[in-house]
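Below, subunit A partners subunit B and then partners subunit C, in two separate complexes.
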Partner chain A sequence: MIIFFVLPLLLTVVWSVFERTMFWMEPAFTFFSYENFFFSSRLENFLSSMFHSSISVVCAFFIGFPIAIFIRRRVRKVAQHRVMLLFILPFMVSEIIRIFALRPILSRNGVVNSFLMDMNLIDSPFSIFVFTPTGVVIGEIVSFLPFMIFSTFLALEAIPNYIFEVCADLGVNRRRMFKDIFLPLAAPGLFAGSVFIFVNGIGIALIPTILGGPGSVNAGLIATQAIIALDFPLAMAVSAIMMFTLMGLLYLGHRLFNLTKLLEPIS
Partner chain B sequence: MKKSNAIEVKNLIKTYGDVYALNDVDLNISDGEYFVLLGPSGGGKTTLLRSIGGFIRPDSGSVVIKGKNVNNLPPDKRPTSMVFQGFALFPHMDVAQNIGYGLKLQSIEKNIIDEKVNKMMDLVGLTGLHKRKPHELSGGQQQRVQLARALILENDVLLLDEPLSALDAQLRKDMCIELKRLQKTVGISFVHVTHNQEEAMSVADRIAIIADGKMIEEGTPQEIYNKPKKQFTAEFLGEKNILIGKIHNLNKSKIVLDISNDKIEIANNNYDVSKNQEVSVSIKSESIQIKKNVKSKTNEKNSIVGKVTEITFLGQFVRYLVLLSNDEEIQVRSSEGVDNIKLNDQVILNWKLDDFILHNE
Partner chain C sequence: MSQRDDFQPKWKLLLKWGWLSFAVFILMAPTFYTVYISFNELGFGAKYYNFTFQWYENVFSDKQLIGALGWTMLLALITLPIVIPFGLLSAKLYKQSTQKVWIVFILLSPLFVPADILASALLVFFKNLNKFFTLIAEYTGIYSLDTWFDLGIMTAVIGLIVYTLPYVFVVIMITMARYRNEQTEAARDLGASAWRAFWEIEFPQIRAGVFSACAFVVILTFNEYTRTSLLKGGFDTFTSVLISQMLNTGMSEESYAMASIVSLVAVVIVSAILIVTAIKTDELEKKTRIVKEPNK
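The block that comes next holds the complex of A and B.
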């Protein structure tokens, strides 16, 4: 834990205040890298990537959670895990290829646009699907949706079957079922899935690199670019800022929703 | 005045593949009656209860509750509430929320719900535990919450599916007394499924023995225990002393039974049997007197000779295993040990004519 988790995080913070040299960095105590971040378009990019990530989280919730509920309630017990395996299949393909494959699907004359045109649903192709923040959000949803389904399904799987019988006996309708049963009991899973998607949304450089345009740079990409430019302290600073932002958000979430209560094991 | 029927079950059949879970079951349960479905696991009693509750759709037959055919109604539309096996509470809700949830669904005002919840919690003995979560409660308390959650809806029938099976023996005894008291207080019919005969005897007004998807027999606990009509019932209730024989002779008051090497006499309580018919008879181990014998034959009536093969001290009782000449073993429970009887001794067993019960199936 200390070697693989705490130490790298500490080093990140320590290195972020070092001074940049030609090819590496030297010990110092300077906030130059932080100034470099906060007084440039990087800050703006960082904030917008947080915003886009949030959208991905919300979309993944609305798509993934109903799928998980469906699998829990409507698929036979023995088949449930096989269905879950289907969502692992995409991971057999390298992430780069998977995301790259979205380009011909989403581009101006790609599969989606051709289909919509052929169906006479639109007159001219949508151009917002790739090389835009929308493209990045779509890419994130496609990549990370399985995680939302996994984590919420695991939480739903832990709900004992008798709960549904009690509901049948009391006459709980679908809306009530969602609000009173699924949402609170799957909360730990929803939380885990959401954090995972949010963190990856701002941290993974690959998706904006391949699907994003000039306006869609996330924290991961900023750090990657900094490393390519051999500005290691800046890369470290970006990582440290990401880390502190997440810790801050978790704390805020904790104060607002009482995470301990939310994550209270269902027993 | 005859009580009206709360539940009428007619010709109920339910199959799973080739297996009959319920095979043409008829059942009538009166208003305000504590009715127990007793039988071995997998015998169909839970299937029967769940058919009454609407959780299982039978293949054919009908369920009528309070004069209304409920065959096509889902559980929540039937005038029944269910207490489930195990601790079936909503884990994320506290005690008061669990109990009041059914009323909340009916959009009843909050202060009315609170009032009813309080009353119900007092009734089942949960006073002051409003804010506890299910995992902070003991097993007995969790079942009380289930009871309250079901009773608060004020339905006509309460169905209990092995409600005490997850509790330890002492707690089960206490809860039996409470269940009976609760049923008398609320006055509605309780239908209680269990495989535990002691539990069944202690709560029931009437008991039905269910096995192999069939209703074996029904009656009051006294009838079922003291005078079981069927051999299965006697066996299920733990009767060890079952002898099979052929009717040698009979008249209005007596039947003489031929059990290979010996003959025994039993009282004829209007049994529907005929000469040479093969029947089984049973006798409670505590109804037999045992004494030492020096001769190998006995001329006494209502008696049989045998050899002691085992003596076990059981605290309140001493149990003797006696081997008869036809290689059958008879258990005798004596409240005080008979001093001079030792292992391998020849003994005479005596009984009152009435103590043997004949099962004609």
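The block that comes next holds the complex of A and C.
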């Protein structure tokens, strides 16, 4: 893993300052690729993909966190893992297939619009579900929601049952329990899930390619387009920026919440 | 299945189960819809539904696709015997280590790094390695070295190992968590070698996890696209054929059928694992109950 994962990612920093040649790159020390990234529309695209990913994180929190709490609190201990495994099923189906299949479901003449029109809820079909930023957010939620549920559940699983019993005995209301028990104790899981969704939202090229339409570009797409255009230093600069973003977020998360706590229930 | 809260009205509990089921349904809806369309003779958007296997017949008579299936299976078969022992060793190392943070960081980070970013970094890394080995070959005269890191099966397998190892590690860790190390210590005290203690005492108890990890590796290999497509070189894999059809001609009926085959195989395998695991856990609990409370 050190040779084929850590090393290539670290070397992206070195390659990003190389000079571009016709088909490859040569050793140099230039920030041209970074200028190319930061002083062009690419930065705008990158920031807008960050904004869309943040929306996906918030949506995944509101959908996924109550589910994780419900499984931890209301499902019998023996059945908790089985219910969690229900969310593994969609994870095991290719992401590409799931994202591609969203197109006919969300398109103007797709299932969602047909259903809404059949129910007389709308007069004309919505066209905001695909080839728009909304489509990208929907794609990210459908693709990454299980991870928010897994990581949050793992964090909640580490909470001993007596804490809930003591709270019940002391008559703690639900709002306070959420604020003072669930939220702080699930924080490592929430953070890990949020980082996963955020980073993959700005880094996976397929979602904007398939659901975002022509103007939708993220860091992953910029990197793959640079490779297709044989601009390897630019691709490496984007990779380095992504790597620093990820490392920064993980370091911050670890300092704040000790992310290794997440593995305690399974180790 | 539910743990009732005395102060919770039943309708609230039902509502929460409804929300959970709705989330699972939404996550699975694209897969269900793909399968549904794949059996329609008239394809997507048609007013009527005529059930047919025609699109599946077309898919299985497609020589390019069968070839791609073979390549994908080969990748999975090469990846499996490498990544499973790695996963086992990593999980054992994690359990024994005092430096857990670094092990977790290295093993689980690939989950967080987007596919396109890792694939781009690996692609450039292999191209540079290739240049390096070509240089060594020129100096040493050992010309077999200069093709080592040509894009092909080996580079694709390395990409797959980096991608699947975190999943293998987590799945094996979950099963290893139930294993008590005292059993290995007892076996060693009785004179068993480290390998014999592992193979005859520990492995039978974590076997389910290892087999589940194998199934996950095969499924993930069939589902993987980005890393494999950048690192595979000249041959086609199942997803690369599927994606090129989808991007070039849109979702044809054959594309729906192909996507359904991959999805259904994955769902059936994972469901089978889940059901078998659930049955085994029930049996184990029953046995534990009998031992703990023999008179009941």
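Note that in this section the second predicted complex is superposed on the first by the 239 of 267 C-alpha atoms of A that agree within 3 Å, B and C clash if a C-alpha of one lies under 4 Å from a C-alpha of the other, contacts with A are read in each partner's own complex, and residues count from 1 in each chain.
The rule we apply is simple: a contact is a pair of C-beta atoms (placed from the backbone, for glycine too) under 8 Å apart; a residue touches a chain by one contact, two chains touch by 3 or more.
Since the structure is predicted, the reported quantities are computational estimates derived from the model, not experimental observations.
Annotation: superposed three-chain arrangement on subunit A; subunit B versus subunit C shows no clash, the two fitting side by side. Of the two partner chains placed by the overlay, neither subunit B nor subunit C lies in contact with A:M117. Across the overlaid pair of complexes, the angle with its corner at the CA centre of subunit A and arms to subunit B and subunit C is 80°, in steps of 10. Contacts of A:V78 after superposition: subunit C is touched, whereas subunit B is not reached.
Using the contact criterion defined above for the overlaid structures, shared-chain residue A:D169 touches subunit B, although it does not reach subunit C. By the touch criterion stated above, A:M177 is placed in contact with neither subunit B nor subunit C.
When the shared chain is aligned, no partner comes close enough to touch A:I55: not subunit B, not subunit C. After superposition on the shared chain, subunit A has more residues touched by C, the comparison being subunit B against subunit C. Remark: least CA distance from subunit B to subunit C after fitting both complexes onto chain A is 8 Å. Overlap of the subunit B and subunit C interfaces on subunit A comprises residues 266-267. Taken together, the subunit C residues at the contact with subunit A in this complex read 1-3, 5, 8, 13, 16, 19-20, 23-24, 26-31, 33-34, 37, 44-45, 94-95, 100-101, 104-107, 109-118, 120-125, 127-128, 158, 161-162, 165, 170, 173-174, 177, 216, 219, 222-223, 225-226, 230, 239, 242-243, 246, 251, 259, 262-263, 266-267, 269-271, 274, 278, 281, 285.
Taken together, the subunit A residues at the contact with subunit C in this complex read 1-2, 4-9, 11-12, 15, 24, 63-64, 66-67, 70-71, 73-79, 82-83, 85-90, 92-105, 109, 111, 142, 145-146, 195-196, 199-200, 202-206, 219-221, 223-224, 227, 232, 235-236, 238-239, 242-243, 246, 250, 254, 259-260, 263, 265-267. Remark: subunit A residues 160, 162-163, 165-166, 168-172, 176, 180-181, 184-185, 264, 266-267 touch subunit B in the complex.
Interface of subunit B with subunit A (complex): residues 53-55, 74-77, 81-82, 84-86, 88, 90-92, 101-102, 105, 135, 149-150, 153.
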